[in-house]
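Next come the structures, one after another.
Presented sequentially are two complexes of chain A, the first with chain B as partner and the second with chain C.
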Partner chain A sequence: MLAQYVVNGLLMGGLYACLAVGFALVWGVLNIVNMLHGSMVVLGAYFCLVGVQQLGLPLYAVAPAVCIVLFAFGYVIQRGLLNRVITQPILITLTLTFGLELIVNNVILNVFSATPRSLAVNLGTLDVWGMRIPMVRIVGMLVAVFLTLLLYWLLRHSKMGRAIIAVRMDRHAAALMGIRIPQIYALTFGIGALMAGAAGCAMALIYPVTPMMSGVFLGKAFVICVLGGLGSVPGAIIGGLVLGLVEGLGTLTLGPQWATSVGFILMMAVIIVFPSGIAGKKGYE
Partner chain B sequence: MLRWKFVAAAASLGLLTATPALAQDVLKLGAPLALTGPLADAGAKSKQGYEMCVSAVNEKGGVNVGDKKYKLELVEYDYQSDTNRAVQIVQRLINVDKVPFLLAPYGSGDTKATAVVAERYGVPMMAAAAATKSIFDQNLNNLFGILFPNRMITDAEVAYYKKNIPELKTVAVLALNNLFPKAIAAELVETAKDAGLDVVYNSIYSPDTTDFSNVLTQIKALNPDWIYVTGYTQDLIIIRKQMADLGIEVKLLTMTAGPAYPEFKDNVKALAENVTTNSWWHQNANYTDAFLFGSSQKYNDAFNARFKRDATYLEAAATVSCETLVMAIEEAKSLAAADVRKVLRSKTFDTFYGPVRFGASGQNDINAALVMQIQDDKLIVLAPENLKQSTLRIGVPPKK
Partner chain C sequence: MIFDRPAIIKLVVGVALFMGAAIAGGLLDNYQLQVGTSLAMLSVLCMGWNITGGYMGYPMLGMAAFFGLGCYIDAIAQVAGIPVVAAWLLATAGGALTAALLGLALLRLKGHYFAIGTIAIVEVLREVSNNWESLTGGAVGLNVPILQGDPETVGRFFYLAMASLALLAFLITIVIDRSRFGFGLRCIRQNEQAASMVGIDVFRYKVAAFMLSGALGSTAGAVYASMVAFIEPKDAFSLIMTIEVAVMTMLGGMGTIFGPLAGAVFFVVLREFVWANFINWHSGILGLIVVIVIYFVPGGLFGTNWKALFRRAARPRASVRSQPAL
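Up next is the complex of A and B:
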């Protein structure tokens, strides 16, 4: 039975990682606490729903298209708005993304209404050693973890990725090396939005989506980033898995009424003991 | 030239002074609505219900108060599903908009918070979406609730299921940590114990819970005959899906009140089959209504023509909260709160929603609880006997 609880927690954790990785990247590179992130996840979920349910397209075709649309959306937001205030104190960018969040969320509410909608996909279940593992969750988690690892690899091994890391390490030195900082900022925010779109598609497979879920997604992303380490992509994976496990085991030991609180309690403990997070680097806290 | 100017000025003055006499007097109803935030879906449903009433009353010519006719008008504000904001809006409606009557916000919690304000100012408030007894136990003179108490629902459910599944012995109860779900779950636990059922699991879950797999794994290990869950519709959708993922099979699965709404079926598809629920109203009850709409079926037809879907108990209760208020005003022949209150307290209103009688506490005390089940993709009435459309199908998922 304990194995089933652990598997439940890990499956959830994989999705959480995908949810948080874009948020972590934007925080780490741009030093922006992106309050718009939750609404971008919801937007991605709704675009997926429209593509599959209303346009009748297969999910494997819709999901990449949604990622591209979200990338463009994020790129334009950063290039057109956030780049103008990026050098201001963090409170200014936080307030701007908060304002954008309110606007985007209200647009979603007016266009799609608050009625819950989801992709009713049943891929069956996998029975292993007495545990039941829903295939749809495995697929959601695998896609999420694959994208997160792909992003990690691209950051380390592509020219663009290395430029992003260089900007994250030292913006002024990167500029002196000829890296166009505003371009890198916009690309980074675009990638953050792309990951939000991918997470949205994964969420639409599993959850009934409503515009009000943006706050829940943002809260989870925030906790995961602090747990894993601010600005760290592998940290987002570790933070996601830890949160999934802790929430699951918290339900078991303390009861379901404490499931969401234990994550925040753990976050506070981590801030006190490891201010940089589990996998974070000193200086980003 | 001067003469023409004089004539034009006199004509303009005449028109200006004539305008108020031509315009119909307006009767404003204040409505705090949850149009955004977590309750936005329910808030939109309440709004549709109120609009049905307002347009039907105005099509009839308005509200007759003695020898005057008033056009009914909804003064609405979005309280963003925030209880504190709902309280502020009610204060604004009373002090700034000067509304003589109020329609309560959605849900037991927000109704409880705002009813105290209405009471302070002596403004009658009609509550369409609050069934929790504790709200009406505050001895408020100005609060009138359409939904009859939760206990009537749980009594009807337990009695029906015990009768139809004699081998029903154990029940697991899971509720959202919120006023209404907690209250109805507590009533269910009491009713079940009184009926000799063993409550093997009884817990609450926190709002914003995104994963129920572990709590359901715990429940599965207890192997209950009956699982009773109450919470937001989106939570119930996740729970039903995760029950299937974990291979949970029960004799009876009751969910309050999601399956009464079409979006539950739309999201879980075949998994909705045999899920039972309860309701305060259904169009099949077909009560007659001489004042507006004609009957439950005709109300639903009008609602369907306007909003392209069937009405649920929520919209119907919203409509009837406004309708009973208008009936009381016409009967009182006055807009004075005291006169209208007196009629609301003494009269039984025959409406398409069923008979409504605001008892000593202000809450409708006429029991018309419906036990329902999704069968062959349709929401079917199982009880009471006079409205029964089918018999109970045992087993979730259905046995093949």
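Up next is the complex of A and C:
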């Protein structure tokens, strides 16, 4: 029984990592808490649903297309709107992204309606040591983890990735080294949106999605980022797994209705005890 | 405390406004009373938020937490048989106490962390009120005993109660604006370290400001709960409200005396006349307002230097271009 909950938690944790990694990247590099993130996840999920169910395209073709569309969406939003206020105080950027989130979410709600929708793919279940694990969850988690690790690798080994890291470390020094800051900001935001879209596709495979879930996704992203440490990509992976585990165990011991609260209370505790998070470095504010 | 002539004029104008509103209360019909009451409530929340968010400059997004807390304290107290006004006072004390305890932990955080910490309080309290069924009635909600009397009189009573609370909040704002305490808060907004260096007890100031915000929010919630006589978690702890309050104050001008009031008035007028026609686009329009405010009037109505703005707009464009480059 315990093992089942632990495995469920870890599988969920992989998805959570993918969900939060874009959010963490944007937070770390742009110093913006992107309240739009939850809606971008929902947007990804709905595009995926439309592509598969209404247009009848295969999933492996739809998912990359969704990612590209969201990348463009994020790039444009950053370039057109956020870039103008990026140096403003936190309250301004945070409220602005929340305003955008209200607009996007309202549009999604009016276009797709509030009925929960799901891809409902059934790939059978895997029975190991008395545990029942749906295959589709494993696939969703593997894809999510693969993308997260790919992003991590790209940040460390590609020229663009190094530029992003450089901007995160010190934007003025990076500008002096010839890095075009607005370009990098827009790219980073685009990548954040892309990861949100990917997480949305994976979510649509596993859970029924409604536009109202954007707040839930955003809440998870918050908790994970705080747990893992601000703006750190490996931190988001650790935080995601920790949150998945904690929620799994919380469901087991306290009942499912408390699972979300356990996550938030854990976050409050971490925020107060050590504000730089589990894997975070000091100095990012 | 420095009360120079502009401050006295503001005080007189403000008090006259509230007196006018109180007298007008006798003439309004039921619908107008309702709008008036909700306007007064939002002004209280905005003025409460303005202390922490405006004067002190901390990105507080937890006003709904105190509001909801006040709702529940009032409801539970009234169900237990405590009279209305005593329940409100209890909510005030509860709000201040909770704010003090939370403030001790949260006010050590800065920037994003503070913002997220305060949002998380709203979320946690909503979950608690959802799940603690024996105390709060859970997701089903909680009925508050309805005040005896005919609806007209009761409506007028709540209108006057809310307006008096707004007047109290206004007086608190004006005292803060003109006092040493407010000066300290403004110093904290500009540079916390420098503020502590010139001898301001930064942490105590911060906790005090947070407590004032909490007490005002909680009292407004208590009056609201008694008025609507039914509360549920998603109503009491609403994330939309927590942002709305910040946006309204921004619209009016953060850290100004009349800003929160003007923002609330503008917002309520917009809500009654525009949103009523676009039921499905409620939150979308709110989002649009947010974006417009941030791009075009970031200082708000009372925080923007309109004179300079007009002067710049009046100046012919060519002269701007002919200025030497820096």
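Brief remarks on what is shown
One rule holds in what follows: the second predicted complex is superposed on the first by the 284 of 285 C-alpha atoms of A that agree within 3 Å, B and C clash if a C-alpha of one lies under 4 Å from a C-alpha of the other, contacts with A are read in each partner's own complex, and residues count from 1 in each chain.
The criterion applied here is as follows: contacts are C-beta pairs under 8 Å (C-beta built on N, C-alpha and C of every residue); 3 or more make two chains touch, one makes a residue touch a chain.
On a predicted model such as this, the values are computed, not experimentally measured, just so you know.
Once chain A of one complex is fitted onto chain A of the other, the partner contacts of A:Pro89 are limited to chain C, with no touch recorded for chain B.
Look at A:Val226: by the touch rule set out above, it reaches chain C but stays clear of chain B. In the superposed pair of complexes, A:Glu247 makes contact with chain B only, with no contact to chain C. In the superposed pair of complexes, A:Asn106 makes contact with chain B and with chain C alike. By the document's definition of touching, of the two partners only chain C reaches A:Val33; chain B does not. By the touch criterion stated above, A:Ser158 is placed in contact with neither chain B nor chain C.
In the superposition on chain A, A:Ile271 contacts chain C only, with no contact to chain B. In the superposition on the C-alpha atoms of chain A, the part of chain A touched by chain B in one complex and by chain C in the other spans residues 106, 109, 215, 219, 257-258, 260-261.
Of all residues in chain C, those touching chain A in their complex are 53, 57, 59, 61, 105-106, 108-113, 115-117, 119-121, 123-124, 127-128, 130-131, 239, 243, 246-247, 250, 280-284, 286-291, 294-295, 298.
Within the complex formed with chain C, the residues of chain A that make contact are 27, 31, 33, 81, 84-85, 88-92, 94-96, 98-107, 109-110, 215, 219, 222, 226, 230, 257-258, 260-261, 264-265, 267-268, 271-272, 275, 285.
Chain A makes touch with chain B in their complex at residues 1, 4-5, 8-9, 11-12, 106, 109, 113-118, 120, 122, 125, 132, 134, 136-137, 206-208, 210-212, 215-216, 219-220, 244, 247-249, 251-252, 255-261. The touching residues of chain B, counted against chain A in their complex, run 36-38, 40-41, 43-44, 81, 174, 177, 203-215, 217-218, 221, 233-234, 237-238, 241-242, 244-247, 263, 266-269.
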